[in-house]
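Notes to accompany the following structure.
When the chains are written out, they are named A, B, C, D, E and F in that same order, and each has its own residue count from 1.
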Amino acid sequence: MALSRATREMLGKVGVATLTNCLLKRGLRNAFMHGVQPLSFSLPNMVGEAFTLRFIPSREDVDTMATYASPEHVQRRAMEECPEGMVLVIDARGDARAAAAGDLLIGRLKARGAAGIVTDGGYRDLPGILRTGLPAYQRQTASPATPIVHHAADLDLPIGCAGVAVYPRDVIVGDGEGVVVIPARMADDVAREALDATLYEEFAEAEIAAGRSIFGLFPATEASRAEYEIWRDRKLKETP
Amino acid sequence: MALSRATREMLGKVGVATLTNCLLKRGLRNAFMHGVQPLSFSLPNMVGEAFTLRFIPSREDVDTMATYASPEHVQRRAMEECPEGMVLVIDARGDARAAAAGDLLIGRLKARGAAGIVTDGGYRDLPGILRTGLPAYQRQTASPATPIVHHAADLDLPIGCAGVAVYPRDVIVGDGEGVVVIPARMADDVAREALDATLYEEFAEAEIAAGRSIFGLFPATEASRAEYEIWRDRKLKETP
Amino acid sequence: MALSRATREMLGKVGVATLTNCLLKRGLRNAFMHGVQPLSFSLPNMVGEAFTLRFIPSREDVDTMATYASPEHVQRRAMEECPEGMVLVIDARGDARAAAAGDLLIGRLKARGAAGIVTDGGYRDLPGILRTGLPAYQRQTASPATPIVHHAADLDLPIGCAGVAVYPRDVIVGDGEGVVVIPARMADDVAREALDATLYEEFAEAEIAAGRSIFGLFPATEASRAEYEIWRDRKLKETP
Amino acid sequence: MALSRATREMLGKVGVATLTNCLLKRGLRNAFMHGVQPLSFSLPNMVGEAFTLRFIPSREDVDTMATYASPEHVQRRAMEECPEGMVLVIDARGDARAAAAGDLLIGRLKARGAAGIVTDGGYRDLPGILRTGLPAYQRQTASPATPIVHHAADLDLPIGCAGVAVYPRDVIVGDGEGVVVIPARMADDVAREALDATLYEEFAEAEIAAGRSIFGLFPATEASRAEYEIWRDRKLKETP
Amino acid sequence: MALSRATREMLGKVGVATLTNCLLKRGLRNAFMHGVQPLSFSLPNMVGEAFTLRFIPSREDVDTMATYASPEHVQRRAMEECPEGMVLVIDARGDARAAAAGDLLIGRLKARGAAGIVTDGGYRDLPGILRTGLPAYQRQTASPATPIVHHAADLDLPIGCAGVAVYPRDVIVGDGEGVVVIPARMADDVAREALDATLYEEFAEAEIAAGRSIFGLFPATEASRAEYEIWRDRKLKETP
Amino acid sequence: MALSRATREMLGKVGVATLTNCLLKRGLRNAFMHGVQPLSFSLPNMVGEAFTLRFIPSREDVDTMATYASPEHVQRRAMEECPEGMVLVIDARGDARAAAAGDLLIGRLKARGAAGIVTDGGYRDLPGILRTGLPAYQRQTASPATPIVHHAADLDLPIGCAGVAVYPRDVIVGDGEGVVVIPARMADDVAREALDATLYEEFAEAEIAAGRSIFGLFPATEASRAEYEIWRDRKLKETP
């Protein structure tokens, strides 16, 4: 059930808001990470399967500088082990009193081919992170050193992030508004439906700008679907 | 007591901060909507009378897709009924877990000539909203579908929004800092006073930049008012 | 123990995140002002010793317009008395329901040569503040008039700001991420160490971008320090 | 669809937690008023249909002592008009900075035969309220005078209270843990099911205290239901 | 303007809610300490003039065990210096992550004759505090050691506590609902008015319990005042 | 390093506040679970090693009634597997919108010999829980059914609870004020030191009640320690 290239491409073209609609139709009401924002608003959509890192609160006798330098350190291992094309999702318990990661670690993640990084905590060294070009989402900037608050506990277990369940290999999509989590087995269907809905909204936006009422247009009716299909087919012909 | 063209123009030239001063002088301490921000910082002031929409929490058996499509749906009616030149103010109980509106509905509002939209919740489809060009103020972006959290209950009743009372036809002004509510019967007086205060602040800003102390200048004294009036008269002559 | 020119220059070149590391090494875990953000992200670092202003809640019978105009008014005195090169730090109890300062007062502070202004509350008249060019940090924009919430109580006592202790003459550094407080007696040492760490991070960033693992590179090892020193010496030669 | 005497009696014997289970089975996930607590833990269940009162934020020019004394004052009218046997539910926008009601108003409500009072704000004069004997639920004690924060806007419209939708005539049940809202048309069914579940839990509690595992007992299986029915029939015989 | 014995006695007989009414009539809207609760609900009213202690955030290099033991330690000095009959009010910035005081310090305060202790933080060793018998008000129990979060900065300056301004010698009154601050110069008048209002409410409570409407009774009218005065005079005769 | 009977007994006699002091001396500043309260204030101290249960947010397609009834259900397994004498600590992410456990599950835990239960969420069916007699600590009562918000993910991993790190077999102590976490390897030492400190405080309390100053008594000096030892030896002789 790995994320196919076709699904990845479709998810690159749709908005997070539209995806929440498709998930609501399937009974999922809680898939959007509230309060999580992109560092940069000018990047394309972030799309990838979830690889997870879980933090618990730090403790002064455990989280010393010595453990921090160890090759066994779980936060560092996350950066060296997150598979290519995946999104590292960090459960920081919503706590931005210390950094979930900084520019060097995120630079390594980018160099190894990750698709993005998401946390419900925050990052430090924002200019450096922006230089890496990796899509990065956080709740609030968090400059203080990680061990002041966080201890990296384990990798690739199911976690919560910003109030949403994230199971390893769920599909994570981020745009300029935020991040949504799609259960792995629903990703293909949801991507197809969302792409069609996105086109319909493009059609409707043009109609509304031209003065048409939303009644009979949004939500779609059978009649407006028929109009849309003509519009869509013409459009697809025009843009080969 | 409809909003006159002259008052509307004056309110387009003054800042929200200045308006809170004028309201404080009239005994109103709670007129600024805390935490409500514009989507775009480059638009001119939003000015218009309030038309209100009230949300209550949604309930799964009431807020189905079927009701959402009905022409009686109150959220949709708000977009079709908000009078030209008015600002739609939505009481979302400060809850941004689901959208108070999205780009298509807001596009319709713009096409029908509304002056703006304000909520203490949030919107979805932000790029689409920015394309409409309608001034839009919110507390936090809210991508999930509306019926997850909100049920549109009624139109044009007195409401609270971001902790401020909003009566239908109160005058709503928004700038880059936020939104203030002016009781309808005070709007003309407040506009005149705020425009004069704005000019005085322009005078004082130049004086301060040139090295003058704030004592005797801000707040104004009789002497500084006299100086200001000379400055103002010269300025008005220079910019015909 | 006044802030030396050399230390001021070094602190102008390092990031706030790096400074929190140096302070953690000295046992200080709580030096970053959480939630405090710059108004402008394009200014150079703010560096200066702290001059403090303390607010308490206002009371209607004490905080009238008459007291506000008095030359004894403590908020106004702060603007006229903050020494050149220092940063005015305002304890607003984290309360942004009314302004800690506005553009005219901050313009005066700039004209008198202050290095910046920081509060855990907020400011009004943001466009005017940006025009002054003074680095200004706040938690949330606060347009309403000051006396609605704040009473200026006293100057240059130890205060708390955004949860951090600030003693007069502590060294305040702000960058695009936020503000850190350095105890006066540590400033020289911390500045030197942070500047070296900043150069090392520049070295490491380049290595990581070129594909090197973080293990053995970050945190630094003896071997990586040796490499770095060669890199640094070459770099210093190249940029005379 | 008025609340029948039989349903009222059944709802008097079941817990709020059990009722949330019955509502979840019917698809309702959001029926419990989070953070709302009874003033007294020793009263029997509060049961009654909802009569609603809606507050908006007060404004100094509208909410004067003069309006407060008027027979048209909506907060006062609520106390004089709430029908016998009903529960007055007050939408205070979760704001406990000023009282939603005090002992005299609540005393009047009791004298007129109301079944209880609920708010997501708070009350003043708690000892006096306890003396009335009326079941009263609030979020936090709120001693300051009502007009400091609240304006009573209207009666018996749909409202939100503590994040839950309340439609007039919904059935409100309160016990020592809090308050749940049951849609009017579900009340009879839910009451019957909850009473049976309550008896089953009594049976299971005894079994567990005697050392039995929860597996096969909770949730119930066909076998455990059969055991329960024997236990129940014996019990009903014993307590005529 | 010291607190007279007569005023102290009257304030011992009235409720905090009633006092907020009297203060609102004098234009003070913000005199009640929101969220501050008594440890014991069975003590008589706490009444006394304010003696203040101000905390700022602690810093690891300043707040060591050595400073804690010094006779100059400001928290300890507060306990040894708070005058007899006064209430120690501690500005803990609303932070209950560490104790504002514990049972031994509060025991000392009681032994020296203080009238009570109030903080917007919290206390540790609650059973010990209850044994001292001193009225104590806090926001939330705070067991951790003081220097983890707090540094005692100074004594008897104006402070904020739970969002309310407290000037030294303001009159502090606490009952089972919370704490109110009365400006020193208003205390005598407010006490007299509140005592009369309390008697009136006793009269009204009896009338309402007997079935009378609140209209014409609460708020009082001229006619109801006349009735009340007859009731009061009879009552005063009966209880010599 | 299992918890010895002697250490368990000592920890049964000391307060949580005293234990935070002993932990601070060992460099641990964050061991107290803020906001977590006992259901009953009349039980003896809760003492036991930690057995952990971790919740993540629920998802509608995973957390159905069917999974809830399975013998593999992790929440149920926790109740059947928590070893005798241990404390079940539940990481509920501070979320009390749905129950972490109810009376039947907690009854089973009690029947199997657990020492207590702790969560940073909340419980349902409080009267039933009190009947079991098991010490139970929570942040806020949470009546709604568990799967509305929580999914039980795994057992006996390191977790965070109310902001504190909890490793399996850490020693958990609860009294009327709250809960503290003691690292397993420190438990014996900390228990001894805390018991001595508790006796010293008993001595100091008596001295202070008799009118002695806190200076020279608290914190202890060499001289006061000598006095105390005489007092203690006499006391131990008197209570055999």
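Things worth noting here:
Heads up, the rule we're going with is that a contact is a pair of C-beta atoms (placed from the backbone, for glycine too) under 8 Å apart; a residue touches a chain by one contact, two chains touch by 3 or more.
Predicted model, so just to flag it, every value in this text is computed and none were measured.
Counted as hops between touching chains, the shortest connection from chain B to chain E is 2. Here the chain-to-chain distance from chain A to chain C, counted in touching steps, is 1. Repeated interface: B-C and one of C-E, B-D or A-C share more than half of their contact pairs by residue number, and that pair is A-C. The greatest centre-to-centre gap from chain E, using C-alpha centroids, is found for A.
The mean-CA centres of chain D and chain E are about 32 angstrom from one another, to the nearest whole unit. Once the centre of each chain is set as its mean CA position, chain A and chain F turn out to be 37 Å apart.
Residue positions 29 of chain D are each in touch with at least two other chains.
Interfaces, counted as pairs of touching chains, are A-B, A-C, A-F, B-C, B-D, C-E, D-E, D-F, E-F.
Those residues of chain A whose C-beta lies close enough to touch chain C in the complex are 65, 68-69, 71, 76, 79-80, 96-97, 99, 102-105, 107-108, 111, 124-128, 131-132, 140-141, 143-145, 147-148. Looking at the complex, you find that chain B touches chain C at residues 15-17, 20-21, 24-25, 29, 31-32, 34-35, 37, 176-178, 180, 201, 204-205, 208-211, 213-215, 218-219, 221.
Looking at the complex, you find that chain C touches chain E at residues 26-30, 56-62, 93, 95, 151, 153-154, 157-160, 163-166, 183.
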